[in-house]
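Here you go, one structure.
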Amino acid sequence: MRIPEHRRPSALYILIVLAVVVLFIATSYQYKLTDRMFPLMVGYFALPLLIMDLLALTDSKIGEKISIFFSAKTPEKVDEDADQTVRSLKQELMIFVWMGTLVFGIYLIGFLPCTPVFVYCWMKYRGGYSVRQSAYLAIGTIVFVYVLFEILLQYELYPGIFLYWYG
Amino acid sequence: MFDALLEGIVNLGSIHSLLLLAAGSCVGLLFGAIPGLGGTTAVALLIPLTFGMEPWQAIILMGGVMAATSTGGSVSAILLNTPGIAPNAATTFDGYPLAQQGKAGMAIGAAATASAMGGVIGVISLVAVIPIMKAIVLLFTPPEFFMLAIFGMCAIAVSSGDRLLQGLITAVIGLMVGFVGYYDVTSTVRFDFGIPLLEDGVKLVPALIGLFAISEMINLAVKGGSISQDSSDVEISGVSAGVKEVFKNWSTMLVGSGYGTFIGAVPGVGGTVAAFLSYSTQAQRDPTPEIEYGKGNIKGVIAPESANNAKDGGSLIPTLAFGIPGSAETAVFLGVLILHGIEPGQKLLEDHQDLVFTLVVALTVSAVFATLIVLALAKYMALLTRISVHMLIPTVTVVALVGAFALNTEIGDVVIAFIFAFIGYFMIRFNYPRVTFTIAIVLGSITELSFHQSMLIADDQMSIFFTRGLSLTLLALTILSLAFPTFRRKMKERKEAKLETEQ
Amino acid sequence: MFSKIITGAVALSAVAMVAAVPAQAQSFPKKNITFLIAYGPGGGFDTITRKLAPFLKKHLGGKVNIVPKNLPGGRGKKAAAFLAKRKADGSHIMMFNMPGHAMPNIIGEEAGYDVRKMDWLGRVAQFRYIIVVSAKKSKYQTIQDVLKAKSQIKIPITGPGTTGYLASAILWNALGVKPKYITGYKSSSRYSLGVIRGDGDLTILAKGSFKKYVSSKKKKQAAFKDLKPILEITNGKSEFGVPTTGEMGQKDLAILGGDRIIGTTPGTPKAIKDRLAKAVWDSVNDPEFVAWGKKVGRPVAPLNSEDATKLVGTLYSYYIQYKDVLAASNKKTR
C-alpha cells in the first residue's frame, strides 16, 4: 500500500490537518466537562474521516472502496476530474513570501506606506508593467484608501506597531 | 394600519426624502461591496448625520442603507469571489464560476433582480405576519435552535456532492474554529493559546475575507491570466438574460425569500445561514441540473441572493414584536431610534405605527432602487473580470486587508485574514469544499450553546428534543435531507437497470 | 552664589510651571477627543455615548469634536486597556461599565488596566434591577410564590461572572433561594425572551431595559403583556407597585445595579482633568440631555468626579467580598 507520487502533496496536506486535530484534542482535555464535551466529540469524529481520506489516496483496494463509497468515483476518476492547473511549489512559495511580507509590513509600519509600495512592486516586478503604469495604480489605490477610510469614514488606519502604542 | 401605510408613502413622497433614500441606498451599495465594511458599519457611521433630522427622515436614510448592502455585496461576490458581507458568501459558489466563464453580466443581473424580489417579498411577509409575529419569534427555543443548526449542517454537507468526505472534513475543521474563544454557557475562554485576540473567537468577516478574497488572489497569482477564462471577444452583457432567469426560476426565488424571512425572524441566526440553507435546498430540489452546482449554475446565485435580502424584512419581526434586534444591523438601527427618543418594543408598534410603515416603504423602495443602479452599471462592472490579474491582485489584496482591519480597527484581524487566506488557498488547491467549512464556523457555536441550554432547561433529559413539534419537524427534515441523495441514487440505478433490460 | 542661581532657577521654573498649568487648561482642548466605546455598535453603551458626545463638545467650547469610537473586544477589556495606555493628556475618554469593568481586577486577572487607578470624571447614569416573570407562562406570579416554591427555580441569564449573573447570585443567596441558572444567553434582551417563551421561570433585568416590554396603551397590570415585575431592588418606593428588597429587610442589596462612569487615562494633569470633569457634569445636567434620558427610560444620575471616584472604591470593596464566587466561575480547568 503506497501513495502514488502525484497524490503526495494532498497526503501531506491531510497529515498537517491531522496534526492540528491531534493538538486540538490534546488541548480540549484541560477544560471542564461542559467545555470539552463538544470539542472532543468533533475532534474524535475528525480522526477517522481524515484517515479515510488518506487511505482513499493510496493505490490499495480499501482506498478504492472508500472513494467509491463517498464519491461514486474511483481514485483515478477523481484524479481526472481534479483541477489540472500546473502549480509549481517554487511559484507558490514565492507568492506566500510576497503576501507575508505585505502583512508583516502593515504590522510594522502601517497601511499608508505599505499600500502604494506593494501595489507598485507587484505591478512592476510580477506584472512587468512600466514604471509609469505601476506608479499610477499605486497612487490611485492609496488615494482611494486614504479618501474613503481616513477622510470620509474617519477611521484611524493602523499606523504600525510603534506608532500604535507610543504615538 | 392602512392609514399608517399611507403615511409611510406620504413621508417618502417628497424630493428631499427620495434624495435621502437614494443617498442611503448608494452608501449601502458601496459599504456592501467593500468587504469588511457592511451595513452595521454604514448605519453606525451615519448616526451623527441623523442628529439634525426628524425621526422619520433618519428612518428613511437607514432603511435605504439596510436594504442595499447585500445587493452591493453580491457584486463583489460574483466578480472577485469576495463576499462583500457575510450573507453573500453562498453567492460566490456559483456566481464566481459564472464570472470565470465570461457570464459576469448575467450573474449580476440575476443576483440584483433576485435581491430586489427577495427584499420586496421579505417586507410584504413582514407586514402580513405582524398580527402573529410574537408567536413566530416564540416558536424557537434552544431545542429548536439545536435542531435547526443540525439540519443546516447536514443539508449543506450533503450538497457537497461527490466531495462528501472532504466536505465532512472541512465541516469538522470549521466547527473547531467555531469553538475558539469565549463560551457563554460557562464563561470560559477556550483554545486561545494565550493570544488576547482569540478571546473573542475567530470573527467571521476577516475569516471570510481571507478564505474567499485573498485566497483567490493567491490562486490567480499562481495561475496567471485574468478572472474570465473566456478570452474570446464575447460581449460582456447578458444582464437582461440574468434578469429573465430570475422570473424563469421563480420557485427558486420564492423558496429563497421564504427562508430569508423565516430565518431572519429568529434572532441570532441571521442572513448567512438563510442564504446557505436556501442554496443547499436549491441544489437538492434540482437533482439533475443542466450545469452542476458550484460550476456556474444561475439558480445557485438566485437562491442565496433572494434569501439574504428577504432577511431584512424578517429580522424586523423580533424587533417589532419585542424590541429585540434580529441582526447586527437592526441592533444599530434600534440604537438610532433610541437616540431620537423613540423607545423600541411594544410601544413602537402602538405609538409609532407611521414610523414603522415609513421603514417598510423605505426598505421596499431602496431594494428596488439599489437593484436598478446595479443593473445599470453591471455591464461596466463586469469588465473587471477582464483586467489582468497583476493589476487586480495587489489592489484587491490591499483593500481587502484594510477592510479586515476596519471592521473592529483591530490589526490582529488582518493576521486572521492572512491565515485564512492560506487555509482557503489549500482548500482550492486540493479541492476541499469551502461551503461546509464556512457554514460550520457559523453554526458550530449555535449547536453547542443550544445543546447545553436545552440540557439545562430539561434537567439533562434528552427527550426535550423529541417532544416538541417544531423540533421534531426539523429532525424529520434532517433525516430526509440525509436520505435524499441515497434515494436519488437508487432511483437512478433502477432506471438504468430498467433501460438495460429493455434493450 | 551658585546655590542662589539654583534657587532662583528652581523658583523661576516653579513659577513657570504654575503659570503653565492654567495655560494648559486654557488651551485644552486643542485636538479632537476620542470617546471610546468598549462594545460594538448598537448596544446601550454605544447609544448613550453617541448621544452624550455632542453635549460634551458644546460644554468644552465647541471648537473640537468628540469622536465616538467603538473598540469592542475581550468583553470591554480591550478598550479599557487601550485607554489606560494612552498619553495622559485627556485625548481619550471612555464610559466604563461598573461593576463589569472591575471584575478582571477583582479576580486578579491580567487586564491591562486597574479601575482603582483610573482618573474618574463623573457618572452619567445608573440602573437598578427588577425581577421579572413571564406574564402568561410563569408558575410564580408574586415574590411570595418564589420564596415558597417547592421545586427549583430556573433563571435564564448571561454566563457566570457577568454582572447580571453576579447580581442574581448575590440577591438569591440573600433571600435564601437556591436557583438553577440557565446560562449562555448573549444579552439581557436574549434572556428576557427566554423568560417570555418559558425557558426558565424568572430573571433579573435593568429597569430601563424592562420598559420596552411595557405597553403604553393600558394602565398598570394590563400593560405587562409579556413580562411582569414581581420584585424591585431598591430601598425606596417601587416604581411598579411591587414589593422591594428594602421592605424585605435587605437594605444592603440596594447597591446591586450598574453605574456608567466616565474615566480617562491615569495621571492626567489636574487642570485637564478638572476641565473634562466640568464638561461631563455640565453635559449630564444639560436640560436637553436630561429630557432625552427621561423619554427613553434611561434617566441620568450625575455624580461629580470626586463622588464618582469614591463610588468606584465602594463598589470595588463590595464586590471583592464575592471574589470566590467570581473566580470559581472563571476558572478554566477542572
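Note that the chains are named A, B and C in the order they appear, and that numbering of residues resets to 1 at the start of each chain.
Keep in mind that, in the parts below, a residue touches a chain if its C-beta (ideal position, glycine included) is under 8 Å from a C-beta of that chain, and two chains touch if they have at least 3 such contacts.
For clarity, every value in this text was computed on a predicted model and none was experimentally measured.
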Averaging the CA atoms per chain, pick out the one whose centre lands closest to the mean of every protein CA shown. B
Where centres are the averaged C-alpha coordinates, which chain has the largest centre distance to subunit C? A
Whole-Å gap separating subunit B and subunit C, where each centre is the average of the chain's CA atoms: 35
List the centre-to-centre spacing of subunit A and subunit B in whole Å, with centres computed as mean CA coordinates. 23
List the centre-to-centre spacing of subunit A and subunit C in whole Å, with centres computed as mean CA coordinates. 42
Please output the residue numbers of subunit A that touch at least 2 other chains, ranges allowed. 31-32, 154
Can you list the residues of subunit C that touch 2 or more other chains? 332
Which positions in subunit B touch two or more other chains at once? 183, 185-186, 188, 409, 452
Touching residues (chain side subunit A, partner subunit B) in the complex: 9-10, 13, 17, 20-21, 24, 27, 31-32, 34-35, 38-39, 42-43, 45-46, 49-50, 52-53, 56, 66, 70-73, 82-83, 85, 87, 91-92, 95-96, 98-100, 102-103, 106-107, 111, 114-115, 118-119, 122-123, 126-129, 137, 141, 144-145, 148-149, 153-158, 161, 164
Interfacial residue positions of subunit B with respect to subunit C in the complex: 40-41, 43-44, 47-48, 51, 134, 137-138, 141-142, 182-189, 196-197, 199-200, 267-268, 318, 322-325, 328, 331-335, 338-339, 341-347, 350-351, 408-410, 449, 452-453, 456-457
As the complex stands, subunit B meets subunit A at residues 34, 45, 162-166, 168-169, 172-173, 175-176, 179, 183, 185-186, 188, 190-191, 193, 214, 218, 221-223, 388, 390-391, 393-395, 397-399, 401-402, 405-406, 409, 411, 414-415, 418, 421-422, 426, 428-431, 447-448, 451-452, 489
In the complex formed with subunit B, which residues of subunit C make contact? 40-43, 46-47, 50-51, 54, 69-75, 78, 154, 158-162, 180-186, 189-190, 192-194, 196-200, 211-217, 225-226, 292, 295-297, 329-330, 332
